[in-house]
Amino acid sequence: MCTMASFITPTGARNRESAGKLLLHLIVIVLCVLTIFPFFWMLSTAFKQADEVFTRDIQWLPENPTWRNFPDAFNYFPVAQWFWNSLAISVLTTIGKILISVPAAFAFARLKFRFDKLIFALVLATMIVPGVVTVVPNYVMVSRLGWMNTWAGVIIPSLPHTAFFVFLLRQYIRTLPQELIDAARVDGATTWQTLVQIVMPNIRPGIAVVAILAFLGAWNQYLWPLLILSDFESKTLATGMQFFTSNAESAQMWGPMMATATIATLPPLILYALAQKQIINTFVTSGIKG
Amino acid sequence: MTKLNRRTLVAGAAAAGVAASTIGSMPNASARQDGPVEISFYHIWGTPPGGEAAATMHPADQVIEAFNAQSTTTRVTSQTPGNYYETLQKAQADLAAGNPPALVITPWSNINYANEGLGIVPIQDVAGDEYDTVMAAITPDVLSLVDVEGQTLGVPYAFSCPVFYYNADVLEAAGVDPAVMFKDWASFTTEAPKVQAALGGNPVIALSYNKDWPAQSIIQSNGGRIVDDEGVFSVDSPEAMEAMQTIADLDVAGLYDRGTTAELRPSFVAGSTAVLVSSIASLGGLSAEVQFKLGTAPFPQFGEKPRSASSGGSFIGVYAQDDDQKAAAWEFIKFALSEAGYTIWMKTGYLNITSYEIPVLPGQEAAYTQLEEGLTSETRWPGARASEAQATWGTFVERIWANDVTVEEGLGMAIDEVNSIIA
Amino acid sequence: MAAENAQLHRETTASQRGRAWYRFREQATPYLLTGPLLILIGVWIYYPLIYSAYLSFFDWNFVRPDKDFVGWDNFTRLLNDPRFERSLNATWIYIVALVPIQVFLPLGLALALWPIRKSRAQSTYRIMLFSPTVIAYSVGAVMWLWIFNPLQGFLNHVLIDFGYERVNWLSDRDTAIWCVIIVATWKTIGFNLLLYMAALEAVPNDYIEAASLDGANHWQTMRSIRFPLITPTFFFVLVTTIISVNDDVFGAINVLTDGGPFESTTNVIYYLYQQGFKYFQIGAASAVSIIVFLATILLTWVQFRFVEKHVHYG
């Protein structure tokens, strides 16, 4: 097929095609450079001495690169604690979301029960409730429960924001062959057993993608932890970052801030780089179509 | 309008000063035997001073450490939720959760809100008999700034005022004498273009923080007022309009840095602008950060009119509700106001408002000049929506200075909107 | 024999009971499977909506033990508040400007990436384009502060080198909102790009092969086959973007402009945040939530009507 095509394609058209591709590469490369350009400054600043951060002329690279900003960041602020908080909150949120989403997605995909359509609609409808609408009442509720400055206060109210994942998993489960489920039924498996023994092993890629997206979402959460975690030690990386420059009376610590930013950026970036093919495949399989 | 200056300050406090200085070491009679009482102190000084001094704790935490080292009955833990807004927000949240912080650093402008909305505890209620002896360390005029209807609502502590910081190297290169440039606004306006030329056309002056703060000093120095004696928001006087026009004219000449609050300081530090109007409390941080010779000057005057800068900063408010906590809070306050405690605090760059003889930091002279000439209190915004009124006025100052509206229009709109908020 | 019968009978009843239990358990299972999700949604999304509606009728600062009932005051106050009105204007600007950008730009990018998908550089491109999406807003937006800085920022250096005037990007009301929009685009474009790329890949290859055998060139197959098949994704992106766009810009506003200059970048979400958590006006903030919620419902309903009419699911 391939040789056939090139055999019958006139050379002019082939040249045109490769020129077109080259152009596309160029466009994409320009966009990529624009996209990662801010990261360049983050890295460069993380290794700069304090007096090189803001200069009248652009200082592209540190003149005397220093590691100092990294230990400094950890010495001035509880960055290690913030890192741990971010990690724990993200991991627990991810686990929580999977634990509630997978069974529900299975029920919506494969089971008939009273009010199933209504319940599914109620779940999907949460997608159109802007997050900020529930911020004030949830803040009051978390405060009443005494969950201020706790992981629970951040995690539990964010768990139900999982409608997209339920939908994704439901679509994924629907692509499984019906025979697979029927075979389990004939063997006398209960619904629960079917879910755990048959469905879950077969949707592992889907679960993995949900886990990654949920992790990234939780890692980057901003407004909610900003409100709930007001103790210095209880902050996450995303919300603690501002301390480096927030006190106008003190020197502004851009270097240590960018060192912390670098640390905060690495885990999600590596995670995504490793998983990106899987994410696209899952979207393809589940056919996200409104 | 409360005026205070350093002479009355020293005179008024001198008598009781000696007595007060010993109080920090007085044994606490109400001590309980079952371990120290833990109290929390929320403040804004989470960031160390920076630069070479960065390896050390902020003086606020040093005061707390020194207190904990000598107290057997009370342990203070330091909490730094962020800036003033975030600190109040955390206090608010913890009060609502029935878990009140014992001590919270509270900005002067929020004193009415702290009283009406947050149930701040008057110092008289926690001090009992010791009130007179301890509080006598503070000058009566400063003390009157925290007085609301005869109740002392807090302990004046972080006392500051805005001053003019300048880049002495740039001024020298421009051949400008700071003594001439900062004498009055007329000379500022004639000298500033020379500095602008030396900066390669960049703006010269940045007025930092929330704009309502420097605006108050500028308007008052021309004889205008923000809120008059009847508590009416009255920024549309001819004096106020003239003062606002002065800055708006600087902007027309390209001398005024329109940058956002977050941009102003980096620009000054990088040497892109030459004058930064900011709190005297920033002295330590700025000195550590800049690579040029840093100078300070008091606000320029309007002709021969007396300068009348606004004070700023914050007081220690007591929000504790049970008696143990209140007693412990008072014990800490006594230490903080003792000569030992206060001397540590003075490393910050805040102004000395006690009778203690503490050496002036180099660069602080400008602020003490303003203090001697008389500082007014920062505007006490009334009502439950105090912060909103303040922020709204600040936005109009910003708009007027950047010529987004004319002075007359802007002040008129400001009065309408602010009045609808504080009504 | 009788003993055997009895034995059999016992077994039957046992298995009947077992079967009844089995049936009951099977009927209950769907509710057990969906229960935790439903409870959480009820407690933390639907109940708060009702609670918000309730709070919007009170004057309360969150600390005072008593809430003062004020009727519709919070709503009338908002309607008379020029700052609320300004925040609505900004909200519209964000929708009108950002929705097309966030819907079409990633679509264009996905189409540009498609013909070169076999290239080895592809996965590098994807990682780079998606990278802003995976980092925290507070981290990402801070990097942009340096780019936009009027006196020593990158952008103005370039402008001046090319002989243009300096621009106060973040403190000029004409440019600040665009800076927020650019940063929000940078931050959120990756996710929609992923959705489109997945949709393009999902188109069955038989269609394409059939078309190319018919002599259709690349662009023709794109237009006639891929476009119609990715319209559902297109509308999914459209609907979710319209809802989320004003939430998405919150981080950028917070870090870059704090709602300024002159409140010009303050949208309704930021206004709500300030009312609730800066000024402690719980009643007013709740009233804003209710207004935002009702507006979102209306907007979504209009969109669904439109989609029903114009989109055919393949």
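Some observations on this one:
Per-chain numbering from 1; labels A, B and C assigned in written order.
Going forward, a contact is a pair of C-beta atoms (placed from the backbone, for glycine too) under 8 Å apart; a residue touches a chain by one contact, two chains touch by 3 or more.
For clarity, every value in this text was computed on a predicted model and none was experimentally measured.
Chain pairs A-C and A-B differ in how many C-beta pairs are in contact, and the one with more is A-C. Averaging Cα atoms per chain gives one point for each, and the point farthest from that of chain A is the centre of B.
Averaging Cα coordinates per chain places chain A and chain B 42 Å apart. Averaging Cα coordinates per chain places chain A and chain C 13 Å apart.
Residues of chain C in contact with at least two other chains: 62, 149, 151-152, 277.
Residues of chain B in contact with two or more other chains: 89, 93, 96, 262, 266-267, 270, 272. Within chain A, contacts with two or more other chains are made by residues 54-56, 139-140, 143, 227, 242.
Residues of chain C touching chain A in their complex: 22, 25-27, 29-34, 36-38, 40-41, 43-49, 51-52, 55, 62, 109, 112-113, 115-116, 119, 121, 123-140, 142-144, 146-147, 149, 151-152, 154, 157, 186, 194-195, 197-199, 201-202, 218, 232-233, 235-236, 239-240, 243-244, 246-247, 250-251, 254, 269, 272-273, 276-277, 282, 285-286, 289-290, 292-293, 296-297, 300, 307, 313. Against chain A, in their complex, chain B makes its touches with residues 44-51, 54-55, 58, 79-83, 86, 89-90, 93-94, 96-97, 99, 208-209, 262, 265-267, 269-272, 278-279, 281-282, 284-286, 288-289, 291, 348-349.
By the touch criterion stated above, chain A contacts chain C in their complex at residues 17, 20-21, 24-25, 27-29, 31-32, 35-39, 41-42, 45, 54-58, 99-101, 103-104, 106-108, 111, 113, 116, 119, 122-123, 126-141, 143, 156-157, 159-162, 166, 190-192, 195, 216, 219-220, 222-223, 227, 237-239, 241-242, 257-258, 261, 264-265, 268-269, 271-273, 276-277, 279-284, 287-290.
Chain C contributes residues 59, 61-64, 80-83, 145, 149-152, 168, 170-173, 256-258, 260-263, 274-275, 277-281 to its touches with chain B in the complex. Residue ranges of chain A in contact with chain B, taken from their complex: 50-51, 53-56, 72, 75-76, 139-140, 143-144, 146, 148, 227, 230-232, 242-253.
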